[in-house]
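Here subunit A shows up in two complexes: once beside subunit B, once beside subunit C.
Right, the complex of A and B next:
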């Protein structure tokens, strides 16, 4: 294998994008209506909500944390945003979006504060807030629901129209992915998130403000889930107390399929978005292939297992080749001249560095 | 926190207080029929929480338990229709649980994958297989003798038939965790996997077996669930995984492993069940009760940390004061 090919295969975006193309091609070949204008539109609408939440979840996952409360935040934000514009047919979409995102950011602040300042395990905290936010939403709705005829036309039409053939909902998702992707890739504070996720104590030692970055990541995840709540409201033209229940694990699954390491330190927003696209497309294409839809969950679960198994195999092989490389390097040094220092401590240090560099 | 007021003891005290307060303010709460209702309501959660305690103590987790229970429940219905024998169906259902657990265990211990990611995957996989097996149909023609086990009580008592199963299994799991070598291995692995490995504990084999036992008990819970609702449905036990994990963590088991007691977990499940029942009797809407579950779970991690910081702060202050006074 040459270097370029190896790099492309080692990255996770290319194989996931490849799998996505294969699914699209096969489905279109069997059922040409799959990618008709309407079919494509429906598919992108279906992707937008999970995709947006996956973008936010990436921020948290790369820090070696997790946000299980996103489904409840979605439900809460959809309801609050819907209530803010309810009964006003001329009401503004921007108000709904603003309310939704603010609800999400506040929820993210709660999660982030508990994880960052009290140093509590993220899984426990966000499992707790999952139930709390869900209960708050149930108390507020009190069993009522918001229907399409109570919502402003701007909100409802936002869910069914698009621009350049792409639904508005997907534009929101893409905008968030672009902003999030550029931030994580190029900004210093974005890189900090990876540093914290790779090695939290080391990140603290080099002076990264770990608590502030954790707070930031949870606010981004909350904002995305809050925004997704408004997308939910627009897409389904309403909301009831079951909105968002059970959304959290599919979102994490989408990220993991897209190559975001659940143990932190690696993964990209693009990968997470591709993961969400692959899982959603798989589901829609099954029904286009007239395979009973209930196979979707099984296949999505299987895909996740295949993805993490493949990651593991790649990692083990790279670790082995790194060890071989390091051993050869050592031998060459010894051969080059006995004057070089070859004491044990030095060797061990060198070995460790090489391994980590290649593995990352 | 001090040893006297460890978290599992606090949970037990909370349970006693709740039951006492409930008995005073609401005569219906302490009635036998309500006790039976609470036990039935928490049955599946309690069952799955027992082996889940072991798994979390070793630093692993299994999110697929609800899907495993549902799949075992579907197999129960399917095998009953196919074979006409409930004995065969029950064996097939428990066997399904064992296989599901073994798959999780294989992926985690042999391939070295993280259990969180693996079991999110198998959560989807097993749930999908439920639909593949039963489609959108439900099996509702279980023999009446069996479904009676699910929703009537033991003659002469208000207790549901699941009670002896819960008691026997809770005692058995408690004994294994606290009084046997396997239990001490679980604590050791949870404290430090590496140290456990150096001490010669077969870590991978232990974890594999824990996954298998978890699957088997989840399968059992699937049967209990089916009999309680007298039907096998592909969407059974939906969302139970998080309720189980919340109970285990609330019972004082550390998510990082190595810390916890079985009676803390059992008290936690009973406490959450009684609080919910009490509030339901006071007319609090069912959906809002999740606030209690979530709030208590948060309290269980926040209070120890805050208490620790508070005592550290006081100690620092008293040292400063002592230094200031000549």
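Right, the complex of A and C next:
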């Protein structure tokens, strides 16, 4: 138990959680309304969408890939889900969620297939599909928009109500995070994702089905982005052709701030979620402190740089100390040495293997 | 000790890559409960044969059986399921995962509900490490583990899959003496446990200390199989090379001139420590030592590719700024890197373009490179180095390894260097071309070029060098004159058994 506690404190999540608490404390001290019931509710709603996408993005990032198309998937899914339930009544919330998630999974399949089977670089593939999915959405909407009065009440009220003081949207995000976290931590196929990201050729060598796992990761990322599209629809009570534009980078930033290694192999869903919380909370709190929006973005960027710089420094330190330690260890072994075989030692001694130049 | 029926039988295996026949007629029989040495020069086909067993390659023809039935080829996973485990010289672990998970990846013990059982996995890994007699923490990540310990993790992995055939591909090449001894012990334990162990090594003393039988390969074919008892190193070497080892190293006698390179107290923590030496004009100085002893790292630091923590490098009497390869080039230092495909050549570009690329500014007029000048330069060097090619416009990727190496040499010699640094000048090239590369280096030294060479091939070091610097564990253990340098002395210093003598005389 003690060991478990130590692991939590030594982990990458603890400092992010700490920073989050500091931001909350400072902002509340300056502006007590920040954490009022309504303030808290609004903050959690804002976190839910980025957080859900960060959960999916984690799957892709730990494999040393990236999914930049999530913003476009969100827009597309929000529009398709909205169209599917337009004018409906009754159980249309579930229909919307189902449609959104299916759209996301299909988008993820496209990304995953291009990366896994054609071995195209993820950055370029998903940058391409970012525009393609946007184009598809523009084609389908034809510049129209869906408004709140066209949506069933179940969908709209889903965006503004909650349970136990936590918005429904956040519950969706937390559920996804719990499922994703448990999968990555406890399933063999989840562990495979870390192995692939940690050393791709070695993963092939030990027989991990790399292509299938890549496909899986992109489908999860797509499903999360698709789900986030429905959350978007519910939160804003509608959707237009600008929905989701520019969402992808904050999502990646949230993951990285939360300790998901952009070079793959490490990072947790919990960390990504904390990263999303920290970035969103910073944004809201800076507005609450009346900091101009330009500075908010700059500060978020700075936070990102601080996070990756700190990660890098820690890694380099560890590698260096491991190297020095290993060298010291080897030398001790050599110096203490196994007993020299007598004939070898004699020969070396008598013949005198000499240095011909005094080298110092 | 040995069963009547072999566990693995390879008969008449052949495999070609493009135009290169890597295996022509390879045969191998492995019995349960033996350690079997697979020997041969670089390029003899050992690695290809091992990769067939590993499931990386598939033979074009020939028969492979395991346990009496056909061996299913071409899948690393299927190979493992059929009981074959391969430990590579440089294992590829997952640096971010714990040692326990590295052992069990893809096969982690799970609870009834299908969740990875971390506690059980940790205990199982600890048990395996215990069986192998090593003290490793199953919870630590693999990042930063020494190569010796990484191999142990790989062997633990093999044990955990109940492998019947355990292949070790040059496992001791990068290990210190005590680490090698530990590995040999582990191999004996595996044999006594009933496994068939294949042991590839260039260190014949290890082969004779450890192995029961041996198979020698040459030019893609098996040339000899016999029990180890009853043969000797001389005979084995003759099978390996298929010729007498004379006249391979045409050495031009020279009188050393001024000191071109002076290195003093060069240190990078944990990599190499207090390395000092001189190289004079007209002299060939060779770095010998085991892979991983820090030779290449010293050379890279001297040339300025890597930073060093302390020490000094002087070229022709004035200090060379650290970590600045352009400065080194400008001062007449040229480095021919070890991995010519990745670091030395632009593979799809022509011979002419590759030869001229470093001296482009000299060939340019008003900033425009003249192709004719490029071709003239290349033609000059192609003739001097006796390059075999199908026209100077030919892409270098279509040349043989040996001729590629000549293009790399031409490229750097074209800069008219004072000091040429060559890392493994003849790795992976055939014997005939090797001799030509040797003649070439020797000739250049005869004309006053200072040559600093890193080589893992002892005959090459002894044949070529005026002076031999022997490194071990990042330290310079001995400096031997040409007359003093024998295979025995170099190996003793390199493996640490002459450390007392080496240090005593240096002080």
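By our rule, the second predicted complex is superposed on the first by the 321 of 360 C-alpha atoms of A that agree within 3 Å, B and C clash if a C-alpha of one lies under 4 Å from a C-alpha of the other, contacts with A are read in each partner's own complex, and residues count from 1 in each chain.
In this text, a contact is a pair of C-beta atoms (placed from the backbone, for glycine too) under 8 Å apart; a residue touches a chain by one contact, two chains touch by 3 or more.
Just so we're clear, the structure is a prediction, and the values are computed from it rather than from any experiment.
Once chain A of one complex is fitted onto chain A of the other, the partner contacts of A:256 are limited to subunit B, with no touch recorded for subunit C. In the overlay built on the shared chain, the residue A:246 is in contact with subunit B alone; subunit C does not reach it. In the superposition on chain A, contact of A:204 is made with subunit C only, not with subunit B. Once chain A of one complex is fitted onto chain A of the other, the partner contacts of A:87 are absent, as it touches neither subunit B nor subunit C.
Of the two partner chains placed around the shared chain by superposition, subunit B is the only one that A:136 touches, whereas subunit C remains out of contact. Of the two partner chains placed around the shared chain by superposition, neither subunit B nor subunit C is touched by A:32. When the two complexes are overlaid on their common chain A, residue A:194 makes contact with subunit C while staying clear of subunit B. Of the two partner chains placed by the overlay, only subunit B lies in contact with A:296; subunit C stays clear of it. Once both structures are placed on chain A, no subunit A residue is touched by subunit B and, in the other complex, by subunit C.
If you check the complex, the residues on subunit C that touch subunit A are 56, 75-77, 80, 92-97, 101, 105-108, 110, 114-116, 143-146, 176-179, 181, 264-265, 269-271, 274, 276-278, 467, 472-474, 476, 478-481, 484, 488-489, 492-493, 496-502, 505-506. Per the touch definition, subunit A reaches subunit C in the complex via residues 182, 185-188, 191-192, 194-195, 197-199, 201-208, 261, 265-266, 318-320, 322-331, 333-334, 337-338, 340-341, 344-345, 347-349, 351-360.
Subunit B makes touch with subunit A in their complex at residues 61, 63, 107, 111-114, 116-118, 120-129, 131-132, 135-136, 234, 238-239, 242, 245-246, 249, 255-256, 285, 287-295, 297-298, 301-302, 305-306. Residues 66, 68, 114, 118-121, 123-125, 127-136, 138-139, 142-143, 241, 245-246, 249-250, 252-253, 256, 262-263, 292, 294-305, 308-309, 312 of subunit A are the ones that touch subunit B when the two sit in their complex.
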